[in-house]
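Both complexes shown next keep chain A, but they swap its partner, so chain B is in the first and chain C is in the second.
Up next, the complex of A and B:
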């Protein structure tokens, strides 16, 4: 038993961190929010080249996966940097498509997902009612009455997180008739990716808040000397430190009967920890954190959006309890 | 990265088998009473005879060299079986690790075997009336005497000291030195001449701790742990254990969370989703604590001040879990019983072993790197 990342996995995370630091993602996210997708799509291709999207695609379809621990490692970094785009959706779609029986025509999408040429979005009502960034996706999916269908994007809706561009959808042509089991697995994987992003973005918000508390001076000293501020930040750390093991633990239970319950436990914990970190980040920063122009405020907004994306904490708690009730 | 526990499964099977045959069918009386203390001591003897009282210790002292994973597995099985509380835990979890680090071979050979068997039960004597969270302001003294030291002053809130056999703690040996300097870590008999112990009823009236008054209590040199004057350093090696995994292992919370889910199945109102969510949260947090334990024993670096993160987490989980159980019990929640006993015990968690406010300061300064506070 060794429940920490091995050297190769750690290096993978560090490589992505470096790539994303150099990409200056806050600017990319602001462009994305304004409908200028070029830099974000270039970043998509860079991350695909680094192997991120192939992690979700089965080896038989040109990928390297599914490798849930590596995916969680990658999505932790995507979350830390606030990368815009339908990454969790594409991973969920790839798991879903990879699980479809036989020689379904949709399987042709998998190699294109793996090499970064296909951006996919999907809506899985009721937990995922809108398709994220459907206007940049080459394929938009939905599931209706157990049938996998192409989805026709409609009106765009505005999210609190300006880099999350959500589209109402209408179910279109049928792609596969019995997709119930595949959908369940795709949904769980999407929720796990969302949980990993939440832990990563909570981490980043704690990092920037600690930096702020060390340098911002009031009453002649750094505000990080005030116990009220210190204890807020300590509490944020406690939450995140115990969410992370649940997220990796769920990744390791992929393919077992516990996966769905473990994902729900991870999503509840990650959502609450990241949201708590976001509220604390806002409070510790004071007014500057409440501005549109301050980059970490993009993450503060994303924390609230992802808190309820891919199943609200209430929905995931209910799922945990229904599993435990038997 | 993996969660493959198979290496510990044979041990798990052995422990489970033994516990199934030996755990008393009815709970022992509370260990915070004279009668219960004796019953729990007898239970320790029984565990020891099966070499299950201190599984992670070396064989020569009564253990079986269990790996950290085997120890975690032992704890899971122990609490899942509903086995009695560990009356010797202050010695086993707080004094023994200090001795393994700072004790002489003679001290290890003399102190550990009777600790393992429950023959000698230890009480921690750290706090004083003027030194609680601010431990470094302690004033009880150890004065040089022929062949040893004379202890004077007062200790308080000493857990288990009402019935225990021996105590351990830091005393001021250099009256000129201040705060962290000039302290010496000593072991002493609680029935020695010159010691007066006054049991203190905890919030439910049970004498769970005691005040100790020292009047020229003689302690021989061989009962000093580490070098005289180095007591602070020795004490701090205990706090890491106290706040880390050893004092409150994941098994305890996993078992309590499973029992809480059971209680929900029996008594929960399916329409009460608010209470249901609290049950779910307790179960999720207990699982998080288990996985964090696996992470901790997998690490090769020193956990250090991060043990404070642990202490805040388990102490708050313990309170929340038991509050949820009492809420599920509704009007029966105030009645004497195992849940109430657990609740009363949990309420002390955010206070002992360094209050959670002290822990948050430690986290802020030594884990997050915030500037030292004027407090």
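Up next, the complex of A and C:
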């Protein structure tokens, strides 16, 4: 199995990194958390123009996909920059809707997803109990007893990450009667996107922590010269380096019977690695790490929220366990 | 309109750039190669002109095999095809011989308009556009922050210290652009994948009828005699205000000939 990205995939990732660096995402995330969606939706359109939202939409519906490796590459960058919005949800919905029969009315949403005009959110209880950012979504989906239904968003809930705005939903009109297989695939893809975001998020937290350890001086020297600080940073790196190949490996097993299990393994290790990186980042930064005005605090909170989004580590461990037992 | 954009691969300005100790040329292995930033504006301007007036955009790059990454990026932005001038004999060429090699190649591939970034982040000579125009016998329109083409007429706004000059000429011509001219597009995923299939013609000096005795380090008119790391910045002077701070500040400014 070849884990090395090709030249095109690398250029795609670098392009997104540059686009997001120039977009100054921390400010966009703060606006998003405060209910000012304008800049976040403008960024959504830029990312759609770069091709991100077409990657999970089938070619027959105006997309380019599904291309799991390119999706993981893109979501790694979305995670690294802490981009707010229901991106994983829209990708999961693209895969789900793409698996329905072509004459289904909901399939008409796919071209609009691909070109960035449609934002979709969904709730797939029990693993995904609330619909993320349902108030900006043109379409909210849920699955109830194997039936795919439009969902009616209700009350907003608070998340550990203020830029994740969660909505309770009630199932509405039936869209497709038997969506069990499509839902399973959509869920797995959503969990994989979440795992890729977590690895990117952990990476960025490690980068800012290393920078801090190099510049912050205490007892007459940079704190990075203290071995205990270095050990912490090395532990964060080791976790992320173990998680990354699992995430890309799961992307490569899309379409095989191992996909669900590989996604679960990837999600567990990415969640634990990013959460470890977040705790270490907090400790290395000292009190400034949980200062609201300081950008890494946005990422630290997102790491904790994504840790249990798209299925908790325990739920994913249970899936790996049951696959091993068979 | 047949537009040729010259792009150069340069070492990433975000990393430490080095010269080789043996022949004092750029150490290309010491840093990642990236597209010279101003050349991205040149590619963008070429694409906009093509979108407005039709025609074709060809990327021309002189550089080692590694420069294909830079060519691919320009193709991913939307250029139609590329010519890669690559030959060991070109290594170490200075501005004069680079302009000669590029001019010979341009004569061979043909052009109505040549667009370049106004300088590269590594050599920073900023003379290539003028040299190319001279060698090609065409008008030079440099430091443009606006380009307008109407039939065979071309007009630019040339940035100056006091504002801008309006410069007009007729095609074929050579234009160099500054960063105020536009906002370069990001290559889209579709563009990146399409670039894989676009033709890249690799030329050696013989293919472009470039004579070996006019290029390369041995033929360079300029020579790097020595180089050293920039000295670390010295600590500034601290003036303690004891009622005479204003006078001391004025004296300092006068000593630097500011007042």
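The rule we apply is simple: the second predicted complex is superposed on the first by the 323 of 326 C-alpha atoms of A that agree within 3 Å, B and C clash if a C-alpha of one lies under 4 Å from a C-alpha of the other, contacts with A are read in each partner's own complex, and residues count from 1 in each chain.
Basically, a residue touches a chain if its C-beta (ideal position, glycine included) is under 8 Å from a C-beta of that chain, and two chains touch if they have at least 3 such contacts.
Please read these numbers as outputs of a predicted model, since none were measured by experiment.
**Student:** A:54 contacts which: chain B (first), chain C (second), both, neither?
**Tutor:** second
**Student:** In the overlay, answer first, second, both or neither for which of chain B and chain C A:108 touches.
**Tutor:** In the superposition, A:108 contacts neither chain B nor chain C.
**Student:** Which partner, chain B or chain C, is in contact with more residues of chain A?
**Tutor:** B
**Student:** Taking the superposition on A as described, I'd like to know which of chain B and chain C A:34 touches: first, second, both or neither.
**Tutor:** It touches nothing on chain B or chain C.
**Student:** Would you check which partner chain A:252 touches, where first means chain B only, second means chain C only, and both and neither mean what they say?
**Tutor:** first
**Student:** In the overlaid three-chain picture, which partner chain does A:230 touch, first (chain B) or second (chain C), both, or neither?
**Tutor:** first
**Student:** Considering only touches as defined above, state whether A:213 meets chain B (first), chain C (second), both or neither.
**Tutor:** In the superposed model, A:213 contacts chain B only, not chain C.
**Student:** Which chain C residues qualify as touching chain A in the complex?
**Tutor:** Per the stated touch rule, the residues are 69, 72-73, 76, 186-190, 192-193, 195-196.
**Student:** So in the complex, which bits of chain A are touching chain C?
**Tutor:** 7-8, 11-12, 15, 18-19, 46, 49-52, 54-55, 64, 70
**Student:** So in the complex, which bits of chain B are touching chain A?
**Tutor:** Contacts found on chain B: 1-5, 7-8, 69, 261, 264-265, 273, 276-277, 279-281, 283-285, 287-289, 291-292, 294-295, 298-299, 306, 309, 312-313, 357, 359-361, 363-365, 367-375.
**Student:** For a test of understanding, state which residues of chain A touch chain B in their complex under the given definition.
**Tutor:** Interface residues on the chain A side: 1-6, 9, 69, 206, 210, 213-214, 221-222, 224-227, 230-231, 233-235, 237-238, 241-243, 245-246, 248-249, 252, 265, 268-269, 314, 317-318, 320-321, 324-325.
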